[in-house]
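Below is one structure. I have some questions about it.
Chains: A, B and C, in written order; residue numbering restarts at 1 for each.
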Amino acid sequence: MEILAMHMANELLSVPVAAITLLVAGGAIAVTARRAQKTLDPEWLPLMGVMGAFVFAAQMINFTLPGMPGTSGHLGGGVLLAILLGPSAAIITMASILTIQCLIFQDGGLLALGCNIINMGIVPCILGWWLYRVVSGKDAVVPAWRQYIAAWAGCLLGVTAGAALVPIESAFAGRLSIPVTHFLAVMIGVHLLIGVVEGAITFAVLAYLRQARPACLGLAAAAQKENISRKAVALSLVITALLLAGVVSWFASTKPDGLEWSYLDHKYAQAQSAIKRPSGTIDAVDELQTKYAPLPDYSARPTHMGAVGAENTDEAPSDDAWPNINGWTSLAGVVGTAVTLVAVYAVAILLGRNKRVLGSGPSLTSGRSECITTI
Amino acid sequence: MSQILNIEDLFVTYQDGTSALRGVGLTVLPGQRVGLIGPNGAGKTSLMLAVMRSVPFTGRIMVDGVELSRRTTDEVRSRCGMTFQDPDDQLFMPTLLDDVAFGPLNQGDSPTAAEAKALHAIAMVGLEGLQGRCAHHFSGGQKRNAALATILSMQIKLLMLDEPGANLDARCRRRMIDTLHGRQEAMLLATHDLLMIGELCDRVIVLDNGQVVANGASCDILDDSDLLAAHGLA
Amino acid sequence: MHHNYIDKFSHGDSPVHRLDARAKLLAVIAYTTVLASFSRYAVAALVPLAVAPLAMLWLGRVPTRFAVRRVAILSPFIVMLCLLGPLYDRNLHWVAFGPWRFMISGGWLTAASIAVKFTLGLLALTALTCTTPFALLLEAMRRTRVPRLLVMQLGFLYRYLFVLIDEGIRIRRGRDFRGARRARATRRLAAVGGIIGSLFVRTMERSERIHVAMCARGYRGEPHSLNRLRFRPADGLFLAVITLYLVVCRWGYPALLS
């Protein structure tokens, strides 16, 4: 069984970034462990390992998304753990989970462990938990709709913030050609969807515990069975859709400014780099080849400078990437409209439903692709 | 003769108000094997947990002449050991050797001495060669033997076994009985398996609803079908 | 349940298995660091780095097919990132392989570089985990000053990982066999919440029972452990060879190339 999360990988890191993140993560764990030992009995710290095993098992319980057969979502766990065990215990547990995933499932590299602990442990457990507490408030009895919104918001923030760090860390490391803005947009966009599913599942777990085992949540008595307000769910979906649309249009808009691309600019840029290396033959054929083929026909070249080898550190200008401004803005428009339409459709379904009482479960969420690969 | 275990007027009540034991008393002599039988919920496990001081109780418990109290908990725990119904709960280290050496190390033995005791105990239950493996690789019978080894390495005087034969096939069950036959320690054996009791135990105590309802030689009690039927045992 | 790709090969016997766990751990960390220190356009310079993991896998008697399958299974995210590179970086670079020279766009070079680094790094990690029982890795960590309580916690995770995964599989089966796929989304979600919630409660209760078992065997909050790692001359030799090899790979060979 394998769960393919978007872990940070060794290959995207440089040694300085890896070292710094490992130190930060190590320091954070040391601090957290000391705090946990003060709040928990020291005898209990090893038992956080058993809770880590629980998270693996919980990640296997998939939720087939409504309206999308074949795709299912599942729990990441950081925010839920923080709500159930407190952020200190949750951070330690997530750190041990990531270490085991690295050492036993080889998922996520050794050097990337620091980044992964920060992105998927510290950030969700602290930020997600904090927002959950802020939204759900300090009352012992929390109405279901508020708990749902709190879970949704906490997971959204926790998951997305953690994911957003991946492109930033990659940018510092400089091993990837993809520009930060695009990488960021994609990571945030995808994880907005993942966060919604995580929020739904987190809420479902909390709803169950409210009734069956309120002591686990620190509640004195079982909460009453409550219907979740459809308006709360609709609101969460609309906001997510708007965020998503915002990300997509931002992604598209980063291109036009950087993309004052003109054929002439490109041509001269190539000409200049060619002149720097006295190769003897610069012509339109070369340019065409380099524009469309990754590996131009090498047999056509008479004499060349000695092999520069693989250590070339020229920075690739990011505005060289896409040729067509108009295509992108119109694509952005289309995608944005589609997202809004889907959101409106979902809301309409929700509000228009006149079926019976929902019980303790929440309703529809948007989806993400199946991320479980089974061996 | 000094008693290895003496319980007087034991009451165990859980936090949710359930009364598990109400005024239980019994004695176990050195080397004696006592069976503890009763229907589900009779209080057999609670009794053993009380002797290990894992649940709050009122009454008097003496283990090998030491009265069980907060101060003497460690000492008492070094003289008696318990195996649980679910062996997975007590095999918690990455390897069998670590699990079996856990007790001796906590008792203050050096790593070398603890390792030696552990290897000896592992050999006693027939698991030699497996000390480097993790418990999740073991079969049910092996796990039960491993759990037994974890307390045998501590060189205790009283073995308390909670359902040692549950979920074992006939062969493993036979082996478990043979292993226990060979032990010299005093034993308190809680089980539904009346045949195992008949083979291993000299005395039997019947527990029902938190109270002792019979206490006598095993042949007498196991032959008394009315008694057994009245307490859900036959 | 048989999770047979874990520990499958780690209890074998081979020259690599017999090496000290600390030495292997140190070697793999050093190797991964050297790998990561190459720039994003390095491909040819990475070639000699393939020797170490492949040698360890071969000497450790780990089947190549297994290792290759691990790489394939874990690659999707990386492949995706690799393939996007050429879209962004169209700067041209010279590349030489022996007598052949050609131009290639930076994006493709980066893609190749990432792919090679990924594969080699993963092979090295696989070589480590398949030739070292996890308990020894834990002890290696403990000996290198990782706090005992944290190491013990990792040990517990490892021990109960498959117990709980099995429980999860059984529960999921029980749910699926009762027609869960055909239920409405709300009911499905409530079921997921209930399953995970009850798993959580059961795990808490199991933790308490484990705690009782630990205390019953005298545990008072400070873990003790056996000493099973012994550093031998062979381990020293191994480390010396690896150091030399890495120095050559990092500075010697690239100098030769340019």
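Heads up, the rule we're going with is that contacts are C-beta pairs under 8 Å (C-beta built on N, C-alpha and C of every residue); 3 or more make two chains touch, one makes a residue touch a chain.
Because the structure is predicted, anything quoted here is derived from the model rather than measured.
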* **Chain at the geometric heart of the assembly (C-alpha centres)** => C
* **Chain of greatest Cα-centre distance to subunit C** => B
* **Rounded Å distance between subunit B and subunit C, as computed from the means of their C-alpha atoms** => 41
* **Distance between the centres, which are taken as Cα means, of subunit C and subunit A, whole angstrom** => 21
* Inter-centroid spacing, subunit B versus subunit A (mean Cα positions, whole Å) -> 50
* Structure fact -> Multi-partner residues in subunit C (2 or more other chains touched) are 134, 155-156, 158-160, 163, 206, 210, 214-215, 219-220
* Please set out, as single numbers or ranges, the residues of subunit A touching at least two other chains. => none
* Asked: Where on subunit A does subunit C make contact in their complex?
  -> 1-2, 4, 6-7, 9-15, 18, 29-30, 33, 37, 41-54, 56-58, 60-66, 75, 84, 92, 96-97, 99-100, 102-104, 106-107, 109-111, 174-179, 182, 200-201, 203-209, 212-213, 216, 270, 273, 277, 290-291, 294-296, 298, 301, 304-305, 307-318, 320-322, 358-365, 373, 375
* Structure fact -> Residue positions on subunit C within touch of subunit A in the complex are 3, 5-6, 28-29, 32-33, 35-37, 39-45, 70, 73-74, 76-78, 81, 84-96, 100-110, 113-114, 117-118, 121-122, 125-126, 129, 134, 137, 147, 149-150, 152-161, 163-165, 167-169, 171-172, 181, 184-190, 192-201, 203-204, 206-207, 210-211, 214-215, 219-223, 254, 257-258
* Structure fact -> Within the complex, subunit B is touched by subunit C residues 7, 11, 133-135, 138, 155-156, 158-160, 162-163, 206, 209-210, 212-220, 224-227
* Asked: Across the complex, what residues on subunit B touch subunit C?
  -> 49, 52, 54, 74, 77-78, 81-82, 84, 86, 88-95, 97-98, 101-103, 105-107, 111, 114-115, 132-137, 150-151, 154
